[in-house]
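Structure below; questions to follow.
First chain written, first letter: the chains are A, B, C and D, and each begins at residue 1.
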């Protein structure tokens, strides 16, 4: 057994994988505890040491898996996911990268790649994404067009909400989630009374597009389960039917064979 | 007839169950009336006596059912439901347990276990829950990760919303219901202009997960009704087809029998 | 032709019904115009006269239909709908009944009963209602229990929202529509920090129930259209199959007849 | 080759269409950049020239397509869409028409008509519209009736929200999107305590109608995909079945032919 195969046997061993899952869970809890100033003051040093130890375990595990699978490691997108998450944690989080400290909790998401049941759920969810792509692109185009228009029309009236393209995009995203849009609309309408036309049309079109995004997901979910059930039921019946037809055909051929015999024995 | 069987016959008698349903309804009304200070001042004593009397009825009914069914009583989860609700009412509601006084109205929920039609509806709703479990767990993980991240990132900027993990979890639950999130986002963005990235990503991912929770329920509802209708229709046709095939086969076998006779009578 | 039959021929005549539809539309517009003080000052008298004239037309139409159909008139619920709407307009709207003046616009809803396409749409919508009844009753029970509980728990903390049962029911309806609940929750949580438990549970349960109400409607809509399409396709195939089987059977019987002939001609 | 055919070959050439798509994308970006005062100050002149050049390209393209297709050009609604969008840009945007400057970004929507995949998505979305028309009309009627009623009832109580028919229509549209209605309701209820009846009934009826609008779209989406899948599966089985039946029939007819031969050779 080559050393590479032995390492692969190790990293694919059930016990090893369960150990990693436990480390992920414990790390998620310690990172959660670190958010509390009280806990940090009391046992902050301990948490810090534990966090470093667990990061060390993750790094070693990743190196072993890299060694075991070689370059094919990166062919599986779940491996790439694990690699990126561990890599983020290894970047020294100081100075301009201090925001990365907050991203360490992303390690808890490794639970998704480590637990097969979670993996299946996420794969199922992602399967619906391609069906959403074209409507998503259309929705993006609609929001962009609406944002340029609103910035030009309302930029001077309400700079807080429509001051520049970025602000307007955020405001329109907020409007699309249906949140607090009347306040914004009434503020704009005080200066531009016809602004309601923009808001009503934008809300109707964007809700219609979002609704169709939802339907794309629902239909995709339906196709996976309901349709499969029915097609399966139908296939079962078709198989029954084919068996019954085969029986009839066999009976008919036997009959023909017997009649052929009858003819041969016949006096000519 | 053993005494236990007689008690069982009593508690399963239609009249007895209708009487209990009426007591539940009357108790729900009296507990509702108790919320009014005016009513409480006028007929508070009467309501109090009635409430005690009805709790006594519920307790006696429960003891009878316990006696009738023995330990098997706890195998039916509806019985456990009834038991817990009555038990809550029997705990003396004073001192630290004064909140239990407010839980007495939970007795009205016994209507669900007492009326068979309600029981069926709730059973139907609960049937959708297992299908939601895996996406629910994923959603929980996403919220936890987002909460730890937000507490670290925005804890000092906006302690009112992101001060500690509990507060952040509540804020993110609120954001997930799509309520008043722009106020929070704009408050945070005043200090951390890039915070919109967190909010937009969180809203998109959590709505997508919630949407898929909904779809799990819809698909489960579909499978129960639409699919059943169709599979039933198909089974009916398959049965028709099988009957027709059986007719053809019988006819064929009769034919074979006749030809066999023909051969036997033939001169060799 | 009896006078009653002649009246019936009149009220069922296409021209007559189109005339009534036009009167309904014109009346809806004049009642809309009456809401404008400017219009009322300028042509208020004219609108008043027109409104009286149109109410007169509706009354005459109703009397004619009543005469034409006799008591069977009230068997059709659309007729009862028309009758109630016209009756509301005929009650003198003064003193305590002045609110009835605002209900005159309900006459515009007669468009639904007068236009067959609208009637079909509304009938279709109402067909979904029975399927919603049991979940609706459950939702009502949940809201009632939550309201009694919230009034007891939060009545003294936040009398504005939970002061008495009626106020609480309105607050909980508002919470169920997902509107402005965080403001209320945060106000209550300032005094009762654990109140989030009530709000989170109530929101989860009530959204789940509302979601299932939606699904009941969706499934009902599905059953009417998608299932019908499929069952129809299946029935068509079953008919094709039955025809094909009948052909096979006929062929088989012909064969049997011929063999029987063969046997009779045979020398014994 | 006639000149008209040569022009048609040009405008339908893949390279030409890709060039137009690139111009649309670049124009969308330059129009987006124009919203930024900083960019406008730095390279405003350049953007202005580029914008004019690109409008010139669009105009020439449209004239070529008009020449190539003649009057049949207007038979395709996508062509009409392109024509209107370019025409809007050509109207001198000054004085009362200055709002048209903001509509120039609508040119970016030409991406929908230029990219075939986008065209298909939008055609798919629009296919759901006829199924929504009747419920949409009903919803319009309900909102109109509710608006006239609310203006009469609450116009003097809360002129900000219900002052005239237009304002009320906007308020009711806002209420239908479920946004900030409790603030409005509580303001009105302070003067008219029974106003909750209006709000609760309006919200229930309008959400039910909107829900059914959604279902019309979902059912329409379902019919296009799920049903097609199933009907296709069923058709495949029916074809299999028909082939198997044809085999049985052929076998039977062969048998009959042989028996007929047998009879002819028989001694009479």
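Quick note on the criterion: a contact is a pair of C-beta atoms (placed from the backbone, for glycine too) under 8 Å apart; a residue touches a chain by one contact, two chains touch by 3 or more.
Quick caveat: nothing in here was measured; it's all calculated off a predicted structure.
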Strictly by the touch rule at the top, which chains does subunit B share as contacts with subunit C? none
Go through the assembly and pull out the chains touching subunit B as well as subunit D. A, C
Is the contact between subunit C and subunit D built from the same residue numbers on each copy (over half shared) or from different ones (under half shared)? different
By CA centroid distance, what chain is farthest from subunit A? C
State, to the nearest whole Å, the distance from the C-alpha centre of subunit A to the C-alpha centre of subunit B. 27
Nearest whole angstrom, what separates the Cα centre of subunit A from the Cα centre of subunit C? 39
For subunit B, residues that touch 2 or more chains besides their own: 178-180, 218, 222, 226, 230, 234, 237, 241, 245, 248, 252, 255, 259, 262, 266-267
By the document's touch rule, what are all the touching chain pairs in this structure? A-B, A-D, B-C, C-D
Contact footprint of subunit D on subunit A as seen in their complex: 134-135, 137-138, 141, 144-145, 148-149, 151-153, 155, 164-165, 168, 178-183, 185, 196, 200, 203, 208-209, 211-212, 215-216, 218-219, 222-223, 226-227, 230-231, 234-235, 237-238, 241-242, 245, 248-249, 252-253, 255-256, 259-260, 262-263, 266-268
So in the complex, which bits of subunit D are touching subunit A? 28, 31-32, 35-36, 99, 101-103, 105-106, 108-109, 111-112, 117-118, 120-122, 125, 128, 170, 173-174, 177-180, 214, 217-218, 221-222, 225-226, 229-230, 233-234, 237, 240-241, 244-245, 247-248, 251-252, 254-255, 258-259, 261-262, 265, 267
